[in-house]
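Scrolling down, you'll hit the structures one after another.
Next come two complexes, and both contain chain A; in the first it sits with chain B, in the second with chain C.
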Partner chain A sequence: MPDLLESADPGRRSSTLASSVVNGPLSVKEEVSTDGGQATTDEAVLYFENVSKWYGPVIGVNQVTLELRPGITGLVGANGAGKSTLLRLAAGQLRPDLGSVQVCGREAASAAAKHRLGYCPELDIFYEEMSGRRFVETMARLQGFSASAARCRTEQTLELVGMADRANRRIAGYSKGMRQRIKLAQALIHDPPLLILDEPLSGIDPIGRRESIELFLKLAEAGKCLLVSSHELEELEKLTDHVAIMAYGRIAAVGPLVRIRDLLDNHPLSILVASDQNRKLAMALLDLEEVVGVEIEGDDRLKVLARQPRRFFQKLADLVLEEHVELRHLETLDDSTHAILGYLLGAGK
Partner chain B sequence: MSSSLLHYREWQGQYHRPIWAVLPICRGALAMLLRRRLFWALYAFGLLLFLMFFFGTVLLDWLESQVPAAPVQVGNFKTDPDRIVKLVRQGLRVLNGSQDTFAVFFTYQGTMVMVMLALTGAVLVGNDFTHRSLAFYLAKPMSRWHYIAGKCLAVGVVVNLLTTVPAVLLFFQHASGDINYLTDPDFFRDGSGRGPAGLPLLAGILGFGLVLTVFLSILLVAAASWLRRTMPLIMLWSTLFLFFRLLAAILVDGLRYDPRWRLIDLWNDLCLVGFTFLGFEEGAMPLPLPQPQMFEAAIVLGGLCLSCLTYLSLRTRAVEVVR
Partner chain C sequence: MTPTTSLKREPAAQAAPSAFRAWVYLIRLSIQRQARAHMMIWIALGLLAFTLFIVALNTQAGRWSMSYWRYPRRVGPTFEQHMLVLENAAALPWSPGGGEVYAAITASFRSYLEHASGFFVFSTWIVFGLFTTFLMPLWSLSFATEALGREREARNLLWVLTRPLSRPAIYLAKYLSILPWCLLLNVGGFALLCLAGGTPGRRAFVVYWPAILWGTLAFCALFHLMSAVLRRPAMVALLYSFFLETIMGNLPGYSKRLSISFYTRCLMFDRAHDFGMRPERPWIYLPVSGPTAYLYLAGFTAACLLVGIIVFSRREYLESAVA
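Take a look at the complex of A and B:
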């Protein structure tokens, strides 16, 4: 693991998310605005302030400062990076040894905070003997609803997650996708502003995934804050481009993927280009200060390694117009969440 | 999924206080237990003793009503029916509704309770820890103590269904036969000189039930959260309530050790405290002698309860540990 880890700037609680990436000899801190259709409000829905958590001699989360507003944030990282600890801290199931975690301005472990968050844990086996409807209704009662309100909201939420017609079956007979929906239903039962979802897409079939993603996007549009932990990086990319990357208990980077990729100066962006005049284009590209190198791939393609991708693409557009080159193919090779995660965790691609 | 239904009605009412979460936790645990045939089979078996007491009393009353007032002569043998009834009643004193009745009833039902708890502990409590379902509970606005209280309540319901509830039914069966039984605390002292009746006896029954409920529920929740599975739970339960009972008997009755060694027999401790509620004086309890003092047994039970609660506090906090 290289020395890439730095928590986000602890002092910032402005209307932007603080993103920081410390990469080898370089240390870049930059303010990154939330985007991707995410609503913003003045109050942070979830706020970690210099939070540390130890398990005996092992540190689970190390000086994490993170501020989430309405919208979807993906939480990614290798196994043991501290994602589960972070989620449990957010859900109020863990108390930090140092720092504080707040949900809508309330201490996360308090009842007031728990009325404002819905937690969908990763576990798949629970109350096998119960029917899905009974389980959700019990969770509604635990949430503090009266019996009639619990019944009413159970029906509404089951309808919402598409389980109303199958909710009378025992959970033991549910598929993994159905279990995910039931877990989601119990998290949504009180319509919380913050949803913490641990691997919500795991085990769901493609149609179910699409429906889940649609639902999550709608929830985000409705002004909710979703913190989604997932190993399904491709699916996560469909959900959001705003991610928090964890490694060794720290937030290695947080913000839109494009901006995080921009900050990885040690790893120039690989771009596959094909044009009608590859040699001419290659020579012109090498004159650009952002271009680190150009490789010829096969007969008709160039692989360009470039820093500061945004500026590179602007210059590439100008260059194409000036040189009258016809671009036939343009593809970035390593700006995916998977690639960024690999770079940040020091595993290459 | 029906995304168009996203804006379901916003909750405008007041949430219940966290203490109310105890009830759905208890109900959820019992619901899972009541679905199992094994529970009903054990419960039916456990009720056999109650039925024996119930119909035994009815039979005795019927016999009394059938005996003629005049002396009965069979051949040359002539006898007084009242004397026969008295002899039968003396022989079946256990059915007369006195403290002895309930002492015997609780003692025998206790065996059934132990079997029931050993077999159902995993369903009531253990599965939550096996499947790590605590995450669902603790994400709701309630503390781990509410969870523990809910589970203890569920175990308490099972214990009371087998002990206190049938015992109270027996009490009222006797009260329905003779109103003095209910109103006169000295109902038995006038006749046989043994124990209270009436409301003191009812209070004693409820007290014994309370001791059983509190101790066994806390012990079972702690044991099931530790061992989780049925087989280990049966082994632990057998050790606590069978092996230690035999060991105590060997040490005190066989090897003449100090009577305090009997304190390792938890059922004996429960009986010592419970029989005191029923109005037995120390030394006159239907327990093998010598016995330790009642307060010593109470200290052992109280200490164990505190230890179990401390463990449960740590255990439910241990859900935090990443496995």
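Take a look at the complex of A and C:
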């Protein structure tokens, strides 16, 4: 079993993401390396194959095909989109009505798969009478470790999540943030290659969030696959740019945010531009085929609506040089997860 | 949190996990968690204390005897009064040898009344009337519905379900974890009642404890199954105990054969056959033989466990997942 935060082999240091989706409004098939390296793992860590799940007459997850490899994937979507169902299917807590969910090639509900996944549920319930240390050690014992190994792992994991000095208190008296850390510790206790984290940043103070994000990034660097669901989209953006967007039980899009944004042809990117010659720049911009429109924003700014953002930015750079315009401000307004989610879901979030 | 800390596992921590070790630990953990007192157990202990008090009072008053029974029932003189009449009759002018025979017969009646009838009375009132039909199901359910039921209610069953243990192994571990407590309460509680019952009580314990043991295993398997199937198992188990075991278990005809306590009592009758114990009206009670009762209780326990394993393996415990 590889050590936490230490790559088992140098090749795994190149944290890679690969995913495919065959349904939803966007169809993306890609293999992207976060640091330019090549994907080194042939076997998907987590694989959903045409998975559907019903709750009586209501469909929770609808024909989802998703493949995750080492790295961090953010799972976003509106309430009721099916995020938690997807995570519970991945954790083996629910069984698909159609299709299959596999963790490292094993059926997710099997005991073999549970050796390979750590699940940090949103549910905020523990064995409340226990101390944090006892709880994590209990989870290690239930994982099958001997008493001495469980103690050893407990201490190391508590140290890792920053709870070593506070773990002797009863869980019932913990703050939300401390409970989140204990939940994370129990998921990490057996060094699983797959971590399923349901709202792991919820309730944690800003410093704790930063530390958690750093920890997640290091775990990903160490070759682990993290599937993180969060409503804290800004925090999620700090964690990863690779997201799976869920809507109405389906994966609406999956991949790097930039790529997803590029494919949203119906929603031109809004860019705020300020220069020393706004009028001249506006006229030149309107000649570009990628530009849908230009609006005057206040006295000294232009709001440009452009399709195919990559080509637009290349042409903008050329145009600025040719026309000798001095750019003073350049800001994309709606390429955030929030905005993309809003476009994909049609309204609101 | 210190994310810069590199977690290098020490050799002790790198020992391979074992599924069997995890399973044994789950049994141990579940036994420990069962020890936490909750309402049903306090009720069970309260009932034990109350019953002990009543039994001790009766023992103190020497009520474990047929001397106080009346014949004809309710209106006639007591057996003690009948005995006095018989003993006084010994003074009558009997034929040679007849007086000795008569004296021997009355002495044997006296001996049964004073020494052996206590076992019959204690068995009828305490063992059959109270323990097997009421206390044993109630005490069994107070622990047996809790192993899974309480975790489902508290929604922390999730923590066991996320570990690499198969569902059948979890179900069996939970069953095994309730047995020490149920046996302690049923067999231990029965032993206390018998001790408080004096000589007839002590004899009753020696004769009946195997039947109590088998009955407990069957009740635990049934209530454990209920806790895997139902969201509020204690309530259903209570209703079952009162209506099916207490009422239907005492109805004439074959319907009582649906109750566990019927087979437990048949086993008791079989064990106490040498002491003259038998159903009051066998043609109405329709008892089964001892071996049949053993087979039924063992088969019922195994069937409940098998069905429970299947149900628990297939079921999705959504309450453990919903935040």
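Descriptive notes on the structure:
In this text, the second predicted complex is superposed on the first by the 307 of 349 C-alpha atoms of A that agree within 3 Å, B and C clash if a C-alpha of one lies under 4 Å from a C-alpha of the other, contacts with A are read in each partner's own complex, and residues count from 1 in each chain.
Operating definition for what follows: a contact is a pair of C-beta atoms (placed from the backbone, for glycine too) under 8 Å apart; a residue touches a chain by one contact, two chains touch by 3 or more.
Since the structure is predicted, the reported quantities are computational estimates derived from the model, not experimental observations.
Once the two complexes are overlaid through chain A, chain B and chain C clash, as defined at the top of the document. By the touch criterion stated above, A:148 is placed in contact with chain C alone, chain B being left untouched. Legend: residue contacts after superposition of the two complexes on their common chain; A:69 is shown touching neither chain B nor chain C. Of the two partner chains, both chain B and chain C are touched by A:214. When the two structures are aligned on the shared chain, A:60 is found in touch with chain B, with no touch to chain C.
Looking at the shared chain after the overlay, A:242 reaches neither chain B nor chain C. After overlaying the two complexes on the shared chain, residue contacts for A:134 are found with chain B alone; chain C is out of touch. In the superposition on chain A, contact is made by A:88 with both chain B and chain C.
With chain A as the common frame, the single stretch of chain C that clashes into chain B is 19-27; none of the other options in 19-27, 73-81 or 91-99 do.
Annotation: chain A residues 84, 88, 91-94, 111-112, 114-115, 119, 121, 123, 125-127, 129, 138-139, 141-146, 149, 153, 156-157, 159-162, 181, 186, 190-191, 211-212, 214-215, 218 touch chain B in one complex and chain C in the other.
On the side of chain A, the complex with chain C involves touching residues 1, 3-6, 84, 88, 91-95, 111-112, 114-115, 119, 121-127, 129, 138-139, 141-146, 148-149, 152-153, 156-157, 159-163, 181, 186, 190-191, 208, 211-212, 214-215, 218. Residues of chain C that touch chain A in their complex: 1-10, 12-15, 17-22, 25-26, 29, 33, 36, 154-156, 158-166, 316-318, 320-323. Within the complex formed with chain A, the chain B residues making contact are 1-3, 5-11, 13, 15-18, 20-21, 23-25, 27-28, 31-32, 35, 127, 131-133, 135-142, 319-322. Residue ranges on chain A touching chain B, taken from their complex, read 55, 60, 84-85, 88, 91-94, 111-112, 114-115, 117-119, 121, 123, 125-127, 129-130, 134, 138-139, 141-146, 149, 153, 156-157, 159-162, 181, 186-187, 190-191, 211-212, 214-215, 218-219, 222.
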